[in-house]
Amino acid sequence: MNSDPSFTSTARPESLLATALWRGMAFFLLWMLLMPSLKRGDLVVGVLASVGATWVSLRLLPPSSGCLRFGRLLALLPHFVWESVLAGVDVARRALLPGLPLRPGFVTCPLGFPPGFARNTFATITTLLPGSVAAGEVDGVMVYHCIDTSSPVVEQLWKEERLLARALVAGRHHG
Amino acid sequence: MIEILNFGLAALILGLAVWAVVAREAPAAVVGFIVYGLLLTLVWLQLQGIDVALTEAAIGGGLTGVLLINAAVRLRSTESTARAQRPSASTRWLAAALSATVTGALAICVLALPEPAPTLAPEVLANIAVTEVGNPITAVLLAFRAMDTLLEAIVLLFALIGVWSLAPDRAWGGRPGLLQQADPNGMLDYVARVLPPIGIVAGIYIFWIGADYPGGKFQGATLLAAMWLLVMMAGLADAPPISRSWLRWLLVAGPLAFIAVGVVGAVTAGAFLSYPHGFAKTLILVIEFALMPTLTLILGLILLGAPLRGEAA
Amino acid sequence: MAEFLVGAAAFILGMVALGLVRLLRGPGDADRIMSAQLLGTGGIAAVLLLGTATGERATLDVALTLALLAAFAAFAFVKAKLAQTPGESRAADSQ
Amino acid sequence: MTAGTLFGLCAAALIGLGLFGLIVNPHPLRKILSFNVFGSGVFLLFGAIAHRGAAAGMGGDPVPQALLITGIVVAFSATALAVALLLRLFDQTGSVTLSSDVAAKAGNDTGAH
Amino acid sequence: MKLFLDLWTVVAVVAGAFFFFAGTVGLLRFPDSLTRLHALSKADNLGLGLVVLGLLPQVDSVSAGLKLVGIWLLVLLSGATAAQWIARTFRQSGTDP
């Protein structure tokens, strides 16, 4: 698997404790969002739930598997929301106007992200973008199903990849 | 407007039930049944039973669907022989006549229900303050009809023992279910890594809020069990061997705590499962916290089925 | 406003119910699962609309439960299918 | 027509449908599925009656609603047990027929070795 | 202000309902299963997003609004991953890429 070094070398070594604290805070925020109450019992159960969730998340996604930079992802959010609106409009047009071209097919798209968490996140986000649904990989190269193979899908995906490389830090190894 | 919605829902539910009964292939029928469960959730909302809607969403839409679809795909090869054994036309007509009679009789009963309807709601409201919980359903489940809930937990345990006892002799004490291959680049793996922590927070929230608002241990435990199953389906964790003593202790911890509280009630308050004055909420919480892990484990393990592999696998 | 929200819920349910034609006609099992997914998303939208119309906050928890389990059946289904056909499974992919 | 009456009638029809499927479907899995339709019909009938008992500011009578939750969970465990039995029968004999002569024959075949 | 917010709700919910409609038409009309998957994974996720957007001014607290958005994100995650998972299974079992 030859991946572009620029995608992996940016992974700074995250200490286990720092990751655990960040995630624990995120889960506690989620709890407060679900149950906006400051009663003592509610807070205690909330802390217990966050600790449990953090423990499970550290086992499922150890810090070495890569991370998201939430701030940068948030900055990209308007772009992706707009793109997914375009995706919906695109599909709606093709569904409702019989005259529009429909040339479905597969394209392969070599990506810089190594396999693992970062690439799966990229694939999930791009599935919501216009014209492409990720469909697994062949020999380590991503395959996309396109609704219109005459449109420049691969170039579009590469553009998104460059944007997302800022927010997604690939891990050192699989998983 | 609400009538249109209700009529549409009723029509859709009937159509899907017909499909689940008559569809040619079992997987297609099961998918219909999953959709049916989802629409039933909406019906429960329309009938003002939010607690029931939550249960249906978690169990009807989630766990039952997984259980049945798995079985339908595995048993696909047996369908053609079964189709050949279809009962004769006269049997089918007889069955149709019987079913129509039952439906007719029930419909007449529904239309002849007494007015005003008998209800226990005022009694529940008058006595709920004693239990110190805010959700009347939880008060019924753990105070007014606590015996039902205790027996239910025991029924669940017996069902699990029944499932386990179907194990072939060589696999007794081993791990339930088939070994799942991990697939590190697949999407199931991705979801099974990202979703469970969120599901844990949500499941514990649904459990905890049940004291005062719709929710409770069954719904919360179902969510937790579903997350556990997701992780096992992706091959990220294996099911524990059923001979482990920690597992068996956890499985009986809930009912034992329940019975212990009941006995305490018998001594201090004069009747089995009655709570001494002022301690109702504390004791209800003790039961809830003890039942939660038990229910999660039972609901997850019962879905995995009988042990099929030795411990080492 | 409540009347409009209930109407919208009824309309969306009607729309996604039309997609159930795929449940009847298939042709494959995947098409059937897709129509169930469509109804799942539409059902969540209907729950949210009805919950807002009645002002009952707890309906949000129903929608949350549905959303967490939305793709569960689809995953279980594909997993079961892959287990049935070991020959053509992941060998092509992940070397 | 009130929601209670409408869904009560709907429940009566579901019970009939489930009963019909339980009798005429030869495949055990389809019998389990029909049984679940039957069961949900019973629950819905119960729920419709609970809804009619709305009083004291509650949307429905909480006692039957609480029993419904118990019922749904127990029905799930019964379904799981039935499916486990069925899969075990399939693993043992390679078929899932409930017809006694065929089952006895299959049982003899596997018992031979 | 109330009128403006109600108008916002009506517009967004109607737009959301429209995308559910379009998704259904796509699911019924598109020629093959993989193309139908596009209709599923894009149109109705957008539909749900617009419904959520429309409901935001109608809920009584910020946390309820954030919960709505969170539910939408969960549906996006499960919808997009299920779509990929189905697409991959199709590619492997059916036609070659």
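We call the chains A, B, C, D and E, going by the order they appear; numbering starts again at 1 in every chain.
The definition used in the following text is that contacts are C-beta pairs under 8 Å (C-beta built on N, C-alpha and C of every residue); 3 or more make two chains touch, one makes a residue touch a chain.
Every value quoted in this text rests on a predicted model; they were computed, and no experiment measured them.
Take chain B out of the picture and the remaining chains divide, by touching, into A, C, E | D. Chains touching both chain D and chain E: B. Listed by label, the chains that touch chain A and also chain C are B, E. For chain D, the chain whose average C-alpha position is most distant is A. The pair with more inter-chain C-beta contacts, choosing from A-E and B-C, is B-C.
Here C is the chain whose Cα centre lies closest to the centre of all protein Cα atoms. Chain A and chain D, compared by their mean Cα positions, are separated by 41 Å. Between the CA-based centres of chain B and chain D the separation comes to 13 Å, rounded to the whole angstrom.
Centre-to-centre, using mean CA coordinates, chain A is 33 Å away from chain B.
For chain C, the set of residues touching two or more other chains reads 33, 35, 57, 64, 68, 71, 75, 78, 81, 90, 92-94. Shared interface positions of chain B, i.e. residues touching 2 or more other chains, are given as 2, 46, 50, 74, 184-188, 190-191, 194-195, 198, 202, 209.
Touching two or more other chains at once are residues 23, 37, 45, 47, 67, 70, 74, 77-78, 81-82, 84-85, 88, 90, 92 of chain E.
Chain A contributes residues 30, 32-34, 36, 84-85, 87-88, 90-92, 94-96, 102, 104, 106, 108, 123-125, 127-128, 130-131, 133-136, 138, 143, 145, 147 to its touches with chain E in the complex. The touching residues of chain E, counted against chain C in their complex, run 6, 9-10, 13-14, 16-17, 20-21, 23-24, 27-28, 33, 36-37, 40, 44-45, 47-48, 51-52, 55, 58-60, 64, 67-68, 70-71, 74-75, 78-79, 81-82, 85-86, 88-90, 92-93. Of all residues in chain B, only 186-188, 190-191, 194-195, 198 touch chain E in the complex they form. Within the complex formed with chain D, the chain B residues making contact are 2-3, 6-7, 10, 13-14, 17-18, 20-22, 26, 29-30, 33, 36-37, 40, 43-44, 46-52, 55-56, 59-60, 63-64, 67-68, 71-72, 74-75, 78-79, 81-83, 85-87, 91-92, 95-96, 98-100, 102-104, 106-107, 109-111, 113, 117-122, 124-125, 136-137, 139-141, 144-145, 148-149, 152, 155-156, 159-160, 162-163, 166, 168, 216, 218, 298-299, 302-303, 305-306. Interface residues of chain C, counted against chain E in their complex, comprise 1, 4-5, 8, 11-12, 15-16, 18-19, 21-22, 28, 30-31, 33-35, 37-38, 41-42, 44-45, 48-49, 52, 55, 57, 60, 63-64, 67-68, 70-71, 74-75, 78, 81-82, 85, 88-90, 92-93.
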